[in-house]
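Chain lettering (A, B and C) follows the sequence in which the chains are written, and residue indices restart at 1 in each chain.
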Amino acid sequence: MQTKNARGGPSTALMLAGVAAILIALIALPQIADVYQTQLLTYGLVFAIAALGFNLLLGFTGLLSFGHSAYFGLGAYSAAFMVRYLGIGSMEVFIVFGLVIVALVSAAFGYICVRHTRIFFGILTLALSQVLWTLAYKFFWVTGGTDGLRVAFGNLTLVGGLIDFKGRGAYQAFVHNYYYYVLFLFCVCTALMWVITHSPFGKALQAIRDNETRAQFLGIQIRRYRWLAFLISGSFTGLAGILWVPLNGLVTPDVLYWPFSGEIVFMTVLGGFRSFAGPIIGAVVFNYLRTYAVASTEYWQFLLGAVLVILVIALPTGIVGTINRVYGKLTGRS
Amino acid sequence: MDILAIQFLNSVFYASILFLIAAGLSLIYGVMRIVNLAHGSLYAFGAYVTAWTIGTLAAGAPIWVLFLLLPAGAIAVAVLGALIEPTLLRPLYNRPEEYQLLVTFALLLILEDSMHYLFGGVPLTTGPVIDSMGTIPVLGLRYPAYNLLVIFIGIAAAGFLWAFIYRTKFGVILRATSQNMRMASALGLNVKRVYVLAFALGCFMAGLGGAVVVPAQAAVLGMGIEALILAFVVVVIGGLGSLEGALIGALIVAFVRTAAIQYFAEVELAVLYLIAAIVLLVKPTGLFGRA
Amino acid sequence: MEILQTVDLKRYFGDTRAVDNVNLTINEGEFISLVGPNGAGKTSLVNVVSAYLRPDSGKVIFMGKDVTDMPVTERVKIGIARSFQLVNLFDDLSAFDNIALAIFSREGKTRNLAKLAHLDHAVSAEADGVLGQFNLMSKRNVPARDLSQGERKLLDVAIAYALKPKLLFLDEPTSGVSTRDKGQIMDTIASVVRGEGITAIIVEHDMDVVFKYSDRIVVMQQGAILAQGAPDEIRKNDQVAMVLLGTSGPDAFTQKD
């Protein structure tokens, strides 16, 4: 079996074997781990979807958004509104209608933002996301303000109402079943994003990232492609927000506040934004890191900040990039 | 009419603070092309240091001593900046600017918890400083004289900065380096020294903003995060890298926000962000900015 | 048949007349060299015709159609392509991907986000074909940034060629390349271009190259066309020799220093 590819990283066969192994482990997890660990990993998978979407813009199109909390929060609040004001409990309804809302807003925000690049793009995404934050914060009679809106799993149904969570053992059933629900969607999202990034469209995005001028001289309309990437990116992150809120049970304006956008960037860079799998790994690792940091010290932000400094200065290619490099060295130069 | 006068004074007071923060942010960007996400946290740090120095360390000292200690926050933050630039920022100058953004975000996280650790979770105040100056009559109402001092400091800072940048030798060096770093370096200018001084000066301004605001407004956790967004709005409207822009932007933001809080409290912030977004759409470099 | 015509084309940069009332006609299938001293306006002319810059006045007519106001992406679609003096590649993509991208764009397939790129055998085969024509097959999967300077220049041209343009501008395709490689590169380019009947305009400084390959030479000076004609005519033109070499006389162009 060939073990290396042209760039010195692991070959396709090896990668597929690895993916299969991980998938098996993920499916087996709730059978061997306790409720807490299962729920924790569910959070990790949700953030992985968010980071996957985010990285379409950063890693593949070369646009750093500092306002992705907007789509995550919008997805979460959409679901919460549907619970609060329409009495809906079906997860599928949350997803379908939540995605529509997020897609519309991403399209609008994206249209405004992609007319600029680099710093001004980042600032615009930040400013627009904070518009949503202040609305959530100030219009407290609609959004619950800082108290937020509750989304209890007791009224939730999955798979068109086939699965609900009432009665005894409901919490365990919820954690268990919701994990598989999220895992399934995570796999779908990963597969979708894989196809998108490896499609001619994905190649065009990378061309725009690498050399905007040349891409134009190939006949690629820069703004249109960036906008489409923005739309897709926001939608993925919005889906993550929708999936997050039943897990968290509550949505507050914190999820729209700009430091959360920073966390999304952090987790993507942690995993390595120049690779496909980087955001996924980064999100899962970041989730564990953050959880244990919060549990072990009051000053967990300091810890995360220190990690980020080390990451940026010493390991800019993130976990995946570093693994690739180490693997290349261990197996000899190609 | 009297309410309007008070509102006017409040707006100018608020604008002075915003100007101090935004001028620092703009200076750092203008010279070093770095967007300092930790700038708000540095402002907060200045507020905390001053509040702690006056309110805790020197509590009970005569009033004139307390006033003398006001700039403590500004100086502390400037020193901090002089330490941060060579350690955290310099290693990244040859990297894409996304990395610089990330390291300043990391700095924000570190600073926020450092303030929590050093100063605790309870708001810190400066005790009798603001009351000692009393109030002055304004159209039948009474207005804190301290706020007028702050306005004066804001104007003085604007004047000083302008003179420093446009009238001194170092100012020329600063402007040359900001326009063309490579050329400046090739001409023999010590770019490293320019950068650390520019960063320290920008930090000083932020710290000064915090130092002068804290007698009027207690130092609380999270004030920096909120302040950064407002500073961004100011420099977006005024133009990143422009001193006049920071001044005009601060005035616009301060007046709009004060008026909005009075009449449409729910959307006061949203209005500001939307103005920023509109300016970015129409004139991306801001009112006074260069590309 | 005329493929390109510029009418009173002007482009100034302040006081500098980069393109000063240029009236140029190019016929289908011609191999034209655009020469002149530095600052003559050769690259500016190419920039205006390829829509990298907008002209201040005048017209650009391509295949009978006025394209003066047409943006870059549309000009590419109707058949005008160019390579760049300072190599302009997609550095993180492989040589193969660089070319495949041009083909995907040409075929309008870049809108496709539901299919895997490497499964498009037609495009892959064609990209491999182009790589072969330009002798880059051995570097197929190497990221563009890791290629040698000569290979990068060839790839730059290959990408433009892969667009199957009707009119191809090559801006100094051999500059920065060692003398030893120059001949090989130009041979490759010329054979590919002539083989397909592509009209080519190359901006060149190396007069050996120019005389060897051109059907017609256009000499520019200070934004205007000084002279144009077949290589033999230009060789004998004293004024041209003066402008380009600083000397004149019957053997000006064959003198080696």
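As a convention for this text, a contact is a pair of C-beta atoms (placed from the backbone, for glycine too) under 8 Å apart; a residue touches a chain by one contact, two chains touch by 3 or more.
All figures in this text were calculated on a predicted structure; none of them were measured in a lab.
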**OP:** Could you tell me which chain lies farthest from chain C when each chain's centre is the average position of its Cα atoms?
**Re:** B
Subject >> Core chain by centroid distance, with centroids computed from Cα atoms only >> reply: A
Original post:
Using CA atom averages as chain centres, what separation in Å is found between chain A and chain C?
Top reply: 44
Original post:
Taking each chain's centre as its mean C-alpha position, how far apart are chain A and chain B in Å?
Top reply: 33
Original post:
When the centre of a chain is set as the mean of its C-alpha atoms, what distance in Å lies between chain B and chain C?
Top reply: 52
**OP:** Would you give the residues of chain A that are in contact with at least 2 other chains, written as numbers and ranges?
**Re:** none
Subject >> chain B partner contacts - residues on chain A that touch it in the complex >> reply: 58, 64, 66, 112, 115-116, 118-120, 122-124, 126-128, 130-131, 134-135, 137-139, 257-259, 262, 265-266, 269, 298-302, 304-306, 308-309, 312-313, 316
Subject >> In the complex, chain C residues that touch chain A >> reply: 50, 52, 72-74, 76-77, 81-82, 84, 88-94, 97, 100-102, 104-106, 109-118, 120, 141-143, 159-160, 163
Original post:
Can you list the chain B residues touching chain A in their complex?
Top reply: 35, 37, 88, 91-92, 95, 97-99, 101-103, 105-114, 116-117, 225, 229, 232-233, 236, 240, 265-270, 273-274, 276-277, 280-281, 284
Original post:
Across the complex, what residues on chain A touch chain C?
Top reply: 6-7, 195-196, 198-204, 206-207, 209-211, 213-221, 225, 232
